[in-house]
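Consider the two complexes below, in which chain A is the common component and chain B and chain C are the respective partners.
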Partner chain A sequence: MSFFDDDDDEEDDSLINNGINQRGSSSRTTRENSSLFIDRLRSTVSPHSEEIQIQIQIERERERSKASESIFDESNLSLSNFNENNFENQIQIQNYEKDEEDDDYDEEEEDLNDIKKLNKFWIKERGIPELSNWQGDLIDEIFDKLEQQQKMVNTLNSDPQTSEEEHFKLMLVQTEMERVKYLIRSYVRTRLHKIEKFSHYITVTPNTHHLLSGAELSHAKRYTDLLHTHFEHSVLDSLPEWLRKMDDTYGDGLSMISKPNRNTPVLIYCKRDCGEITLEGGERAALAKGTTHLVKYKLVDRWINLGWAEVL
Partner chain B sequence: MALPKHLQNGLTPDELTFLAEEETIDIVPLFSMTRVRLLSGIYGPFQPPSAAKVPLWLALSLKRKRKCRIVPPDWLGIDRLQNLLKEERENAEAFCSLPRRFIEISKVLLDVAPDDLIQPSLLRSLLKDLREVRQAKIRIGLQSEGVMRGSYLQVTNLTPLELTELKPFLVKAMSIMQSLEPRRDEDEEEDVV
Partner chain C sequence: MYGDLALQLVTASHRSTLSTTPQLPLPKYALPLILSICLETRQLGQSITTAAEQYGQISLSQDKSLVCNLTVQHLSARRNKRCLLTYLSTRINGIKERWWDSGGSLAYLLSNEILGDNNNNNNELENDFEKEISNDKDLKNNLSPQEIDFLKGYNNLMLDYKSDFLDILDLNSNLNKPPKELMIDIRVIKDAGEIFLENGEKVDFRKGERFRLNRSNIERLIVQGFLEEV
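Our next item is the complex of A and B:
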């Protein structure tokens, strides 16, 4: 299974999430089947890798050439996949054009590669006041690919036979890897920032839990605990009992638990006609296709989550 | 802090440039190399007289090593920009539709590859004019009655970079207006009582 070969499950998915899940699981099976690094390199070139018995010690030469092929894509297999990919994209573009009247689902999202998708999720995460879904499968997928690239780079870099041209390509590969790593870091940090800011709210609101990954959720809980223990030890314990609460609500409805302010304005670009929204003053605003608006998050969150409106 | 304060208001111009560098652009390579497979796709082959489509960051990286010539996007030409500028000046009510990341892309191209552009200094001044005309319109727009009153603003055809400049101010203004609104209502009620 070639690692950029996601076109076969792309066609039948109606939603991106679906597609991500499928691809995530397929990469996981690959991981289980081939624990050895060589197997994995091989598996990027040939689909029957498991059948070949390998002995690491005598395979140095072939390992090198495999690694080289799989990064540099000189094999026919990858070439034909690439062409199919192009063809697929054309089909999808045509579908998208047809899709103008048929508003059921978004085909346009599907021809984006993983990196473009991550870009989108990163922009969205930065733009909106509350947490959005954790893109675990996408991140896993990208991590897998990064790991694979890293191993190939290591193999080829330590090999004296690597040609000048290959070194140059390796440099490009590494540049891209750094860009992707930066993107992942920034994405995770943005989420971490929101999680720490709203840790108490997240802990006491079970219906936000599905938005977080396991690690994020346990971090939110531990962070809240630590913070509360610290407050108690440093100040609260020496206060009278009735002042010690940390989840009180004031008379005017203001709670001590800070939660995302859904009134924050967000910038959205409407990718399709989102109808009309009613503003506070009773005025109405039309969210026509191709227009950009600065509007309260709570009024448009459905369109954002459906992918009809894009956060800028 | 997981996210430094200056990043909390939304994307910064640097980050927008980073995003713009993911857009594809045509290059004419000055060296030959077979295909290269990256995470985002397969690029090449690079064979001198024929053009190749690559992400902007790759083009810039090759350009810095003097290994390619960048083919500027079709909107980055004197005629096109003069037309756009004229259109932008004549249309006082709305903004012209421009490529989403035109400021970022034109900036990096002018910085890194001025020798691949025709009359870069003229381009630079045209782009500057275009940007100033738009900025002036934004300023006039903000002064007009009622813009700051509500919590909604239509900003069609402004590019993300221009919106980034505006957003912190608008968000702040809107939140101040919001915090003033209910209290005013209460005052009125008290007055009535």
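Our next item is the complex of A and C:
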């Protein structure tokens, strides 16, 4: 069951292989088919059960007639795009191609659906050494959708009228949900890792607090406490008193509070013309639109935060 | 020489992190070494204080050899502290890593100890080598009491954090690769008894049997070594 290996090429292939339908008509069928299915899914969460029964009856008949026309076209694949796009495709697009995205920056920003956005933030979070903004609204929205979809799936799964083919579709939906969950999990855990690494720094630097969610902030504080208690109980308590502090600065200017290393190199892709930057050696480099660079984070953080450059 | 012990500690700790794949068991907490380093540091502190008291402010600005002496002692003391903390935090990272690897199950992490102990008690005739191995594998035996406290605290902390959205998402599931399939084939390698799955189904896992099940349902059992992916 590795349908998610399929990318656009294979989707096209199945189109061609179908041969029965013209390209246009087949995709129309698909759209109708899947929209029917989506309607059905939606209707199951609304409380009017009688209506649903009728609706389902009607749809079932219509679907049956459709099914005889095209038993197996790419509708199953396009179904995975229902609500959430196949994110493997997106990763590929984001990682390698970019060709669709760099056309027009402003337009594109609005077009993105939630999963695409999450994908971007996930990549960014993993790419840069500092914490970036917590995407609370986005995550909440995706959580809502996931919950809703789980309900739909449960209802349809327990519905004895659901046909074999529909079970198959449901499975695709579920797999897609698992993959979205994976994204969120990875996103949250990347952040947690950074937060724990720099917990003391975050705790004592109030102007980083707006980057964190409430839960994350309290996690940072409590983690710092926990860690310091551990250090104190283990060794610090048996050292001379003047050595017990946790926020000393050494003679060479090295602080005990570790900060994000802003000298970490990041790989960026310029979506806009970002002007010139001055490198360490006094050299200047132009960040032209559509180019990729490997530079120190502190030199380009402005552009990354503005969204003009994208971390890869 | 001042700081030799600390160097020993840090080198050992560094070595233990070098091989992460396959993950080595966490080395035993080096309590004797740590105690002697603390002692050394205390002695240094003591000697600095007495020297400062004895000679007073005036001679400090004149007697260059005294200043030099105090500086060296001071730096050694600080270095000792730094080495100790480095050692501790390296271990903390290792502990956290194991916590995440075990799927965030504290009971499972610490239950190794019970198993190991039973083994030791039951088979006392076993040769020392095997004993050593089973000892090495027990995480709990190798942790200091403070570290166990930390682990428990960390566990609580993470429980608090993830409980907000546990009904939708389990933060602890594995992150190795994005899931490609919903169902996986598994083989039971250890009796796990009857287990209720998410959908209310009851499955009796007996050794040697094979199933095809929803991944998210049984991931935990795989992590804990009851099941194996085929």
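One rule holds in what follows: the second predicted complex is superposed on the first by the 207 of 312 C-alpha atoms of A that agree within 3 Å, B and C clash if a C-alpha of one lies under 4 Å from a C-alpha of the other, contacts with A are read in each partner's own complex, and residues count from 1 in each chain.
Convention: a residue touches a chain if its C-beta (ideal position, glycine included) is under 8 Å from a C-beta of that chain, and two chains touch if they have at least 3 such contacts.
As the structure is a prediction and not an experimental result, all values here were calculated from the model.
When the two structures are aligned on the shared chain, A:292 is found in touch with chain B, with no touch to chain C. In the superposed model, A:227 lies in contact with chain C only, and not with chain B. Of the two partner chains, chain B is the only one touched by A:127; chain C is not. Once chain A of one complex is fitted onto chain A of the other, the partner contacts of A:242 are limited to chain C, with no touch recorded for chain B. Of the two partner chains placed by superposition, only chain B is touched by A:116; chain C is not.
Once the two complexes are overlaid on the shared chain, A:168 sits against chain B while remaining clear of chain C.
Taken together, the two complexes place residues 4, 146, 175, 179, 182, 186, 189, 192, 196 of chain A in contact with chain B and also with chain C. Taken in their complex, chain A has these residues touching chain B: 4, 70-74, 78-79, 82, 113-116, 119, 123, 126-127, 142, 145-146, 149, 165, 168-169, 172-173, 175-177, 179-180, 182, 186, 189-190, 192-193, 196, 263-265, 267, 279-281, 283, 285, 290-296, 312. Remark: chain C residues 34-35, 38, 41-42, 44-46, 49, 75, 77-78, 81-82, 84-85, 88-89, 92, 96, 144, 146-147, 149-150, 153-154, 157, 160-161, 164-165, 167-171, 173, 175, 178-183, 215-216 touch chain A in the complex. Against chain C, the residues of chain A that register as touching in their complex are 1-2, 4-5, 87-88, 143, 146-147, 150, 171, 174-175, 178-179, 181-186, 188-189, 192, 196, 215-216, 219, 222-223, 226-227, 229-231, 233-236, 238-240, 242-243, 250-251, 256.
Every residue of chain B that touches chain A in the complex is listed here, in rising order: 1-3, 7-8, 10-11, 15, 18-19, 22, 33-42, 57-58, 61, 150-158, 160, 163, 167, 170-171, 174-175, 178.
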